[in-house]
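The data blocks that follow each hold one structure.
Look for chain A in each of the two complexes below; its partner is chain B in the first and chain C in the second.
Right after this comes the complex of A and B.
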């Protein structure tokens, strides 16, 4: 503050004054410090706990489906897990299409985004968004807008870990 | 850069708004509200076009003039190629200028319109400004059904459209002066934290306006900023004091903070945003108060973050711009 009053006293014109302020007083670094004091931080612990619990519940639901399939329908374990994934994807996509999954996501945070439900939701929501722009230029071109990178790096990492497993553990 | 105007008056204004704004503080003051985001159209973009057309029809009824009397139509919104206003302008069949300065567009329009009115050939200018939560969300962030969790600092794009007619006939509210702002970049890269992005440019524009017009904060009844949000408002107050030694005191209000009832509407987080935010507040509450004589001199500072998802993905920071327009009640 004293610095400004001195400048005002010496009658430097305001452009110079302004440049001086930008250079000396409010550079990007000090501005960042100032804003970080005012802008609130997200409660990471709370969000983490919510995501942990909700994500765990989704996992529990999947496990229940697997149990039911194995014990009541005599499905082999390997097939039961695949069917469970299909069921979860179907439920998530249906909820997205009915228009309330986004409200759940904004409350449950990453708890619904990280499991397979999030993947289904991301794809379905992109497709709904571009439905009016046609089958090819709309849905086709934008279905993997959000999930394309998941698929790409999923496949790449599958290759990498597959090779590692083949080389070091013998397949 | 400050311009003084001698013959520019505000003839009539109109506002239409969506459902979230209807539940907000000025819900009853809007000329027309819609119960959903579609406004009876098939897509969000088309509903934005419809909102502009509705607002324009209302403003013509209020001003009791015809479309033929409008010399230039100026339109601004958030979308690429200024799509909604460009499509709406087809129906008007009048000369059209599309302008873009993100959320600072409203004041930019008034500045351009007022400057055009200095010409003798031009006597009426129509300024439209619109934004739509869903179309903006789609273009700048994620698909609308995705519902990505938003941090507390994020703002909620206002759904609505506002029109005003500027004229050179004498009216009660006069546009006396305007300051064209300078683009400012303080190195903020967070696309959710628009308040921090825009506060420095708002401060600079307010400072330059006060300097150029030889006025102080006390000369104004209200300094209304566009869409800084609750945290941006606080940053502006602190920054103004630190960088320019100007105390805004209680003269400063931010339309993002007052457009919604933030306690009842938790989805809006830090407040409203979008070019229509300042317009909806100004053309309802502020104009009413000016007409009633409660406010005499108001400085509107429209703040805009010139955000581009492409440049943001390239790790560049967000520049911002603010323009100021001074409205005064004349006898």
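Right after this comes the complex of A and C.
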């Protein structure tokens, strides 16, 4: 009886109470079974081939830029690779700012996320998404929201591996 | 021929990334972090330098090269100035990419409006 008094006190009528019990009863397993029929199966082979071709084309574009810079503009090899990375980052940032890079990513998937274009896209999109909240609390605070993990784990792992190699293998 | 090798290498790395995305519950953020650590790990045995020789600039495009150049710059500086160089030279090679991404991203953010 105390239970029913509590229900009345909090203003929950009996219908919502039964729905609550139903929700609690529907555990994770049955939820998975229910949704597995509705969620469309993605074609993994097709996704893989698209990612391979698109990623390969980005790599090919990088090699072509380096080749053209070296042979037609007489740029040293080290500078040519830096310029190539800057060009790719600029293209990706511009496409993100113009707003059609998200569509490309949803089609090409990892083919555009794994190359350096994904890094530039993550940074520019997180800046643009929080533009409304102001220069410092919006853009400044959220600039590294997605790319922060890449930089953090890159630096930490490079430091650990670097120390191991420097101390035990002599640099 | 180096064009074909670039295509194959970069495509292969992206294929691995897509396989991880499809078959596990990891997000793109996880995948890029894993690849950066992998790149740093491969370069700690000097393996990634050989990849660059064999496959050309296609190896510098995937995010794995980010980890590679982090540890490469750190070790180069460490060989010159000792253990402190590991800290000082960490960003000496990757700063081009990071600074370019920050500056271009900021300028373009100021110019363009977010798309709803």
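Methods note: the second predicted complex is superposed on the first by the 124 of 171 C-alpha atoms of A that agree within 3 Å, B and C clash if a C-alpha of one lies under 4 Å from a C-alpha of the other, contacts with A are read in each partner's own complex, and residues count from 1 in each chain.
In this section, a contact is a pair of C-beta atoms (placed from the backbone, for glycine too) under 8 Å apart; a residue touches a chain by one contact, two chains touch by 3 or more.
Remember, predicted model here, so these are calculated numbers, not experimental data.
A.B. asks: Is A:66 touching the first partner chain B, the second partner chain C, both, or neither of them?
C.D. replies: Second partner only, chain C.
A.B. asks: Touching A:128, do we find chain B (first), chain C (second), both, or neither?
C.D. replies: A:128 sits against chain B and chain C alike.
A.B. asks: If you count the residues of chain A that each partner touches, which comes out higher, chain B or chain C?
C.D. replies: C
A.B. asks: Quick check on the superposed pair: does A:99 touch chain B, chain C, both, or neither? Answer first, second, both or neither.
C.D. replies: In the superposition, A:99 touches chain B and chain C alike.
A.B. asks: Touch check for A:76: first (chain B), second (chain C), both, or neither?
C.D. replies: Neither partner.
A.B. asks: Quick check for you: in the superposed arrangement, does A:31 touch first (chain B), second (chain C), both or neither?
C.D. replies: first
A.B. asks: If I apply the document's touch criterion, which positions on chain A are contacted by chain B in one structure and by chain C in the other?
C.D. replies: Residues 42, 47, 96, 99, 109-110, 122, 124, 128-129, 132, 146 of chain A touch both chain B and chain C.
A.B. asks: Please name which positions on chain A make contact with chain C in the complex.
C.D. replies: Those residues of chain A that touch chain C are 42, 44, 47-48, 50-60, 62-67, 81-82, 84-86, 88-90, 93-94, 96-99, 109-111, 113-116, 118-120, 122-124, 127-129, 131-132, 139, 143, 146-147, 149-151, 153-155, 157-159, 161-166, 171.
A.B. asks: In the complex formed with chain A, which residues of chain C make contact?
C.D. replies: That would be residues 2-3, 6-15, 17-23, 28-29, 31-33, 35-37, 39-41, 43-44, 56-63, 65-67, 70-71, 74-75, 78-79, 83, 86-87, 90, 96-98, 100-102, 104-106, 108-109, 111-115 of chain C.
A.B. asks: What residues on chain B touch chain A, complex-wise?
C.D. replies: Interface residues on chain B, with respect to chain A: 42-43, 138, 142-153, 186-188, 193, 195-196, 199-200, 204, 211, 231, 234-235, 238-239, 242-245, 267.
A.B. asks: Under the touch definition given earlier, write down the residues of chain A that touch chain B in their complex.
C.D. replies: 1, 4-5, 8, 14, 18, 21, 25-26, 28, 31-32, 34-35, 38-40, 42, 47, 96, 99, 101-106, 109-110, 121-122, 124-126, 128-130, 132, 145-146
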